[in-house]
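Chain naming follows the written order as A, B and C, and within any one chain the residues start at number 1.
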């Protein structure tokens, strides 16, 4: 039969392909890194510097999406989320040790701040939080029910009002105005950046690290750190599994000065104080910088603001007729 | 005469704008900065692995769906069981169904809380977020092609020769090997080409079930999306060129087979 | 001749079938495979979707965002199939009745959307008609972008169903009409079109089914803006990603039922078209 030869060729090819795949798997340890959407470019660099005969499989997407995926079975050895409540979900699912935050840095491997990303020339002269809610200004930030970055953005906005000595009620009213000026609800911080870069909106609320990446890629944008802004702290942990020891070694290495330097070179604020001092020029301090602790800590903030039915944000979105589901 | 030219040039212009121009642009953008960056983009480990995984899944899926396609085609046309008409409709369903729905179905079955997921997980067998899940998704969406090519041919050739063989004492398998299969071999070959193309290009269902771990469970189509979203335009276009090249190869094979069938 | 994706031979007379038994083993194996690969997964969607009762199903499937996604999906798909009915027939006509240099290449190219991965299609449309596109038009994040993506993936359907019928068509009647002075358009409308109608409708129905489910081509160019450019498949994807498989399943079940109805419709058209041959 004429088809016998092609079938034979197919089988030979198949065995070759599977043989090479199998052999590759047996040689090295393979760690899977599951992270939020922002450190997509920095992890390959960290992994290359780490070496040690370990191969890595990476996946980056919105923080809450990733956290739920890992809880649903996505194989992960190392996780780096945007907010600690996404880590708590895995602790509750018995996938991450409850002492994950017990090192010197409380489990936070890198920091950032919430910034305004603006188009070159800043045609609408946006400088302050109040400028965001001026008539005709379109603000881009992701969906708070899937993106950790969006939650940092919203709480930065809220906290900035408190810093201006406004009351909680006034701050909530400001949030409502902010949502009225929001023009898109991307799933993740990185998606929001891509939306902004493709021409939508006048200002993007984003991580400083993401903004720095966009600039280094030559995009026609710049960023501005508002006077009052929120310090972003991204948690990192090893996941209980067959590769836990190897994962823990990698996690510990990510705090060493060598690794922290790579974080800093790629736009993330290092947590190691000596490295931080060296890179002070790239990461200016802000006079009215505040942390999530100032606002009550993530567990309490999450419940008050981001509960999908009764949270402040859910109520705002319902009153504006926008979808609330994350 | 004007009408004729209007139809010709109008339709060709439409084709150019919607189809040809975009594909030409892919090649242009991939090689815009020269062959060096293109080669770097497709030889990085994640891209190589994505290509290998895609080919691996295809090499498993195509033979399975081909065997099923032939069996099912025979069953539908030479049916004994009533309700084969319904079977015919179900076989066609993957063509009309959104790939995301397919992925969701597999997620519901093989997720940790799924019908089979918990059981399989307890026995150390992971389906979702691993290669078996990708294979199952690809089997679903590429299921119809061989069946649909085989069925009309089987209908057309009728059963005379097969009946004659049976009266001469040939077994079912001999009848199949000597009479049925030679008659449908071009249909099978054509169906195999279509199935292969569909496997290589699958994206929606795989996006749901694979987890997209670069270097482990990320197929080439997902690599295109991930590169694009990570400002790696050259990488995205380079991988697209690979896929587009395979697509054009598929088109050539399809054209050759159409001619081959006509001549045989 | 093997028409792609649509068995156009269904619209031509079929050989009379005599029931020669297929080995029961063949049927049994085929049915088992079909169940494992297709039926059981689909049953899981149905089960998850109606979990909690019918009222809950409608609440979940009919929430504002889902409704908006469905409305948008149907509206854009409707326009797409109308455009395809015209352009597909025109392309088929050009390929069958016309002759020009490179026609065989064009004929082969028609199948490209079947062979090209949808994500690549979306990427290329974005490159051409997006913010950095060389044409100067920017339809990213707009419904026009969704339209363009769907036009790309549905291009072959009508062409490939109509083409074989045009090839088989006897031109005597058209020649007679021409000799009596009928215009080309008139003879097309009253002589050719009725013969094409079953194939045309079938191609339109399949294109519609394909359009409402499209995911890969749309995901990059649409921006997935809820209530604006979020189509049904993207909504299902997003719901699942947000840890709401039930919300995803409710809408997925709706889409499943619609797809099945479209297929039944195509089958019905085929039976109506070959009614005189049985």
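Following the convention adopted for this analysis, a residue touches a chain if its C-beta (ideal position, glycine included) is under 8 Å from a C-beta of that chain, and two chains touch if they have at least 3 such contacts.
Owing to the predicted nature of the structure, the values given are computational and were not obtained by experimental measurement.
J.: Please give the pair of chains with the highest number of C-beta contact pairs.
T.: B-C
J.: Centre to centre, using CA atoms, which chain is the farthest one from subunit B?
T.: Relative to subunit B, the chain whose C-alpha centre sits farthest away is A.
J.: Averaging over Cα atoms per chain, report the distance between subunit B and subunit C in Å.
T.: From the centre of subunit B to the centre of subunit C is 16 Å.
J.: Using Cα averages as centroids, what's the distance between subunit A and subunit B in whole Å?
T.: The computed centroid separation for subunit A versus subunit B comes out at 35 Å.
J.: How big is the gap, in whole Å, between where the Cα atoms of subunit A centre and where those of subunit C centre?
T.: Averaging C-alpha atoms per chain gives centres 38 Å apart.
J.: Among the residues of subunit A, which ones contact at least 2 other chains?
T.: 61, 69, 72
J.: Multi-chain contacts only, two chains or more: what residues does subunit B have there?
T.: Each of 111 in subunit B touches at least two other chains.
J.: Which of the residues in subunit B come into contact with subunit C in the complex?
T.: Within the complex, subunit B touches subunit C at residues 3-4, 7-8, 10-12, 14-15, 18-23, 25-26, 29, 68, 71-72, 74-75, 77-81, 85, 87-109, 111, 114-115, 136, 139-140, 143, 145, 148-149, 151-152, 155-159, 162-163, 166, 172, 186-187, 190, 194, 197-198, 200-204, 207-208, 221-222, 224-225, 228, 236-237, 240, 243-244, 246-248, 250-252, 254-255, 257-258, 261-262.
J.: For subunit A, which residues count as touching subunit B in their complex?
T.: That would be residues 1-3, 10, 13-14, 17-18, 20-21, 30, 32, 34, 40-41, 55-59, 61, 69, 72-75, 190-191, 194, 213-214, 217 of subunit A.
J.: Using the touch rule from the top, collect the residues of subunit B that touch subunit A in their complex.
T.: Contacts found on subunit B: 45, 52-53, 55-56, 59-60, 62-63, 111-113, 117, 121, 126, 128-130, 181-182, 185, 188-189, 211-218, 229-231.
J.: For a test of understanding, state which residues of subunit C touch subunit B in their complex under the given definition.
T.: Within the complex, subunit C touches subunit B at residues 1-2, 4-5, 7, 9-10, 14-24, 26-27, 29-31, 33-34, 37-42, 44-45, 47-48, 87, 90-91, 93-94, 98, 100, 104, 106, 108-121, 123-125, 127-128, 134, 148, 151-152, 155, 184-185, 206, 209-210, 212-216, 219-220, 232-234, 236-237, 240, 245, 248-249, 252, 255-256, 259-260, 262-264, 267.
J.: Along subunit A, where are the residues that touch subunit C in the complex?
T.: Checking each residue of subunit A against subunit C gives 61-62, 64-65, 68-69, 72, 145-146, 184-187, 195, 197-200, 321-323, 325-326.
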